[in-house]
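Each in structure tokens, the structures are laid out below.
Both complexes shown next keep chain A, but they swap its partner, so chain B is in the first and chain C is in the second.
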Partner chain A sequence: MVGLVLLLVGSAAALDYVHRPDVAGAAPGWFWGAVVGLWLFAWLVTARFAAAAPPVAFGRRAVDLIVPVLFGAFLIFLWEVVTVGAGVPSVLMPAPSAIGARIAQAVPTLRDDFVQTVLRAVIPGWICGSAAGFLIAILCDRVPFLARGLIPIGNFVSALPMIGIAPIMVMWFGFDWPSKVAVVVIMTFFPALVNTVAGLQAAGRLELDLMRSYGAGYLQTLLKLRLPAAMPFVFNGLKINSTLALIGAIVAEFFGTPVVGMGFRISTEVGRMSLDMVWAEIAVAAVTGSLFYGLLALAERAVTFWHPSYRRR
Partner chain B sequence: MKRALVTLGILAATGLGGSAAWAQEKVTLQLKWVTQAQFAGYYVAKDKGFYKEAGLDVTIKPGGPDIAPPQVLAGGGADVIVEWMPAALAAREKGVPLVNIAQPFKRSGMMLTCRKESGIKSPDDFKGKTLGVWFFGNEYPFMAWMARLGIKTDGSAGGVKVVKQGFNVDPILQKQAECISTMTYNEYWQVIDAGLKAEDLVTFKYADQGVATMEDGLYASEEKLKDPKFVERMGKFVKASMKGWDWARANPKEAAKIVLDNDTTGAQTEKHQVRMMGEINKLTEGSSGKLDPADYAVTVKTLLTAGGEAPVITKEPKGAWTAAVTDAAGIK
Partner chain C sequence: MTTEALAGPDPDASRAKARPAARAPGSTVPVLTVVLLILAGWYVACLPMNAGLPAMPTEGTLLARYQAAWSLERPVLPSPHQIALELRTSTCGRLDEERPLLEAFFACEIRWTPRNLLFHAWTTLSSTLLGFLLGAVLGTGLAVLIVHVRSLEKSLLPWIIASQTVPILAVAPIVIVVLGSLGVTGLVPKSIISAYLCFFPVTIGMVKGLTSPAVIDLDLMRTYNASTAQTFWKLRWPASLPFLFASLKVAVAISLVGAIVGELPTGAQAGLGARLLTGSYYGQTVQIWAALFAAAVLAALAVGTVGLAERLTMRAMGGRP
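Moving on to the complex of A and B:
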């Protein structure tokens, strides 16, 4: 704990020093030596925390959280110190503080971009693509002939390069959100399909025989045994699709959009040399993607509480 | 005898190497777009040996949709870049110290091309319509024009709806936009080739509307220009480049072929490039390479009056151009 306090004080001093007008862009050699020393010290402090093994559950959870937070915070500290201290042009790599300032100033724009890209394209596309994959997987399960015909086609469609598809979707569905939804649907369909198909085969022979001995029909077996058993696979597909959907919607906006959206903003601001705005959008996308994935992970935990992987070791 | 031969070999290698290194000064030029007749002057100067005559070893880097020349310059990937003045001034204001050292293009080729059936006859008819605009730093002249007309671009009532146009002409063909951005030397002819006729179109030249800005100019880093040797090297480069442009105007077909020879993508066609060369020559005609201060002043005034919430530039730029290079080249 004393080490942590010293680390914080040292970092604050370094940040204050590097932002002085006469130091920014021309930090002296001893300063870099001090930064390296601070880095080694941070390493020691983090290692000590990681090695600690508190007996109580709360303490254990706190340590699990402190280590990555410390690590991440120090990385951001280094980023700030290096970009400011070495005078790195902002068109190559803006400092975290500049990005933070831009985020604070551009909240209305970031919100509009979020609405356009995430609420109008990512979520509808993710829902449609995943639902389509799921339903067709059930259909394939019921009709084996269909499975042999459709799965190769699904495989083929998933292999289509998104960068090639996006301009075509713009031509078919116009410049606004529908064409982005179409791209997302195409990207998310196959992962949902293959994961659900695999999941439906996950029910054990013993359990199936038990259902048969109860006299359960196809529908009952599906709803009470096979779908529940497939949930780990289904959620795997949904989690994969959450990140694919975000990437797809953003990149699809590189090819014809209205003048709003995360992808539009990123591509146009790069050309304008506003890298701080680009990073602001990237930060929003990263947080959005992480939250989306996190929510799905929580839902998965709630739905598949029975799975052996959750048992306490 | 064997020793003598080895010695001679070593001497020859040393001499040749030293000689080559001493005689040829390296210059890297970053273009603004893909290899096409828009940059014929540089390719001609290279292939015809004008750069070599000037003692320069020039590397030409093609541009493309994802390349912002000012960024390449800031990153040290080029000595000189081709850029449009609005984007260069905007980049300068953002901390990339670009300086115009020459202006091969005297005239602007920027246009807005509309379907006649949309009912548009004059800029007053733009309200309520959908217009295609390039972004990535190419939107500044359009924003300046709309600001001049007092038309909002956020799609609100009484304004225009703007779509980010890809680097093609699909929006006007698919009727997704009533008007699209075109250059006299490129997209306009793509529209014609796609089947629409000149009589089906209404075209507004930015130059006729009084909102044209300087286009292809040569820019270098302010820092590097403090070195007299660099200025001299740039002077040789500009002089040889202008010789290339003069040759291209005198020999348009041959110049187009030189461009095709340098196109590694194989995407360009002779028909398109010969026609482009003809249109480009209209833009470079009358330019000695020296930037006319009056032209610069018009561009700056246009950009400053493009007010609204997001002005292209917020204040008169200082030190954004220099005549030192063209003076060193003996260009008047």
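Moving on to the complex of A and C:
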């Protein structure tokens, strides 16, 4: 705890020092030595924290949370100190403070891009693609011939660079969001299909026999046993798709878009060398992606609470 | 696709795959049927998809209109044989009209110019392979560190996982531009994007693989008084190989995506991504489709090669085929 406080004070002092107008860009040698020392000290503190095993469950969870947060915060601190202290030109690598200022300043633009890319393209595409994959998987389950034909193709297609279809979709559906939705749907369809089909085979022999002995029909077995048993696999597919959908929409915007959208902003601002705006977009994308993933993880925990991986150790 | 490796090669899943269900003797016929159905649907769809084009005749018999739809110069949806012909033309040169079709088809003359699709495919493949190599080494190294240094597992691993919820491909233009302004262009920036994309599945898979030996095996190593290095080389490393190969298959496919996307933002002159981009600028539909198929073939070849390496390694280690 004392180490943590010392670390915070030291970091704050370093930040303060490096932002002085006469120091920024030309930090003296001893300062870099101090930063390296601070880094080693931070390492020590993190190691102590990681090794600590508080007796209470709450404490353990707190440690699991504090250590990565500390690590990430220190990385950002190092980034700030190095870019400001060494005067790295913002064309190469803008400081986090500059990016933060840019985010605060460009909120309307960021919001428009967010609406265009995430709300209009990513989420509808993700829902349609995943739902289509899920439904076709159930159809495959009903018609084994279709499953035997589609699953090898699905496995094959998931390994292909599906992003390449973006220019074709732009040609078919125009520059606006429908083409992005189409790209996302095609990219997310096969992971959902393959994972759901794998999940539908996950129900145990014993449970299936039990359902038979109850005289349950196909539909009852599906709804009461096999779909719940498939949920961990389905959620795995949904999580994979959440990343794919964001990537698909952003890359599809590289191939043509109206003058709004995260991918459009990134490609144009890179061309104009204003990297702080690009990093601002990436920060928005990162937060969106993490939130998306976190919500899915929460939903997964709520739906598959019975799964062994959530059992208390 | 990147989070796929999070699940890792689940022992249950690999057992399910080993069961003959996935490769039942009747699997070829259904696959062929589905492929034929897709092809038939494709040919049928050519007319409605292309109907709006000015080059299409509005009258005439259905057959005549279909024939027109299948041989348009710049179709909305090209027919499969047009793509096949374009692939052949862009790799081996134009078909000789004078000679009979079969003979002309095999008279292949490859000119190594920027017009040749093989040239572009090789450009992409070389940066893919370099990136894959970098990513695999980095990923394995990180996994070894994470398994052996406890504080790294707690501090680094959550961030590696969190970094994947970020659309990393959005960072690709920055990497290209920053390295370009430092004077590094060509192969290396694309490889760095590939490596950045594909190190993650390798790290996650290897962490899982290196920690896969059972406690009883580790205890046995302890009773032998084995050092950490000995435990690593004699127990952990061999035990992790199935996980490594499973991750490498995912990684090589992703690194191809990385290389292709790395060619987009700067308007690169060579590579499949550049081919896609110029095709979309000039409305060369057939060229886009040909580049897409070339990319698919590359991906299949790369994944197949890793699979072959896996089988050879497993056989050399005395595993069951």
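For this structure, a couple of remarks:
Simple rule for what comes next: the second predicted complex is superposed on the first by the 302 of 313 C-alpha atoms of A that agree within 3 Å, B and C clash if a C-alpha of one lies under 4 Å from a C-alpha of the other, contacts with A are read in each partner's own complex, and residues count from 1 in each chain.
To be clear about the criterion, a contact is a pair of C-beta atoms (placed from the backbone, for glycine too) under 8 Å apart; a residue touches a chain by one contact, two chains touch by 3 or more.
Note that the coordinates shown come from a computational prediction; the quantities given were computed from them, not determined experimentally.
When the two complexes are overlaid on their common chain A, residue A:256 makes contact with chain B and with chain C alike. In the superposed model, A:91 makes contact with both chain B and chain C.
Judged by the touch definition given at the top, the superposed model places A:171 against both chain B and chain C. Legend: residue contacts after superposition of the two complexes on their common chain; A:264 is shown touching chain B, with no touch to chain C.
Contacts of A:220 after superposition: neither chain B nor chain C is touched. In the superposed model, A:161 makes contact with chain C only, not with chain B. Within the superposed three-chain model, A:274 lies in touch with chain B and out of touch with chain C [touch as defined at top].
With both structures placed on the common chain, the touch criterion links A:149 to chain C but leaves chain B unconnected. Within the superposed three-chain arrangement, the count of touched residues of chain A is higher for C, of the candidates chain B and chain C.
Contact with chain C, but none with chain B, is seen for A:239 once the two complexes are overlaid on the shared chain. The intersection of chain A residues touching chain B with those touching chain C, taken from the two complexes, comprises 91-92, 167, 170-171, 255-256, 267, 270, 273.
Within the complex formed with chain B, the chain A residues making contact are 89-92, 167, 170-171, 174-175, 255-259, 264, 267-268, 270-274. Those residues of chain C lying in contact with chain A across their complex are 1-4, 6-7, 12-13, 16, 21-22, 24, 26-27, 30-35, 49, 76-77, 150-151, 153-159, 162, 164-171, 173-174, 176-178, 181-182, 249, 253, 256-257, 260-261, 264-265, 272, 276-277, 279-280, 283, 285, 288-289, 291-292, 295-296, 299-300, 303.
Those residues of chain A lying in contact with chain C across their complex are 43, 46-47, 49-51, 63-64, 67-68, 70-72, 75, 91-93, 145-146, 148-153, 156, 158-161, 163-168, 170-172, 191, 198, 201-202, 236, 239-240, 242-244, 246-247, 250-251, 254-256, 262-263, 266-267, 270, 273, 275, 278-279, 281-282, 285-286, 289-290, 292-293.
If you check the complex, the residues on chain B that touch chain A are 66, 68, 70-71, 74-75, 87, 90-91, 94-96, 133, 135-139, 153-155, 161-166, 170-171, 174, 176.
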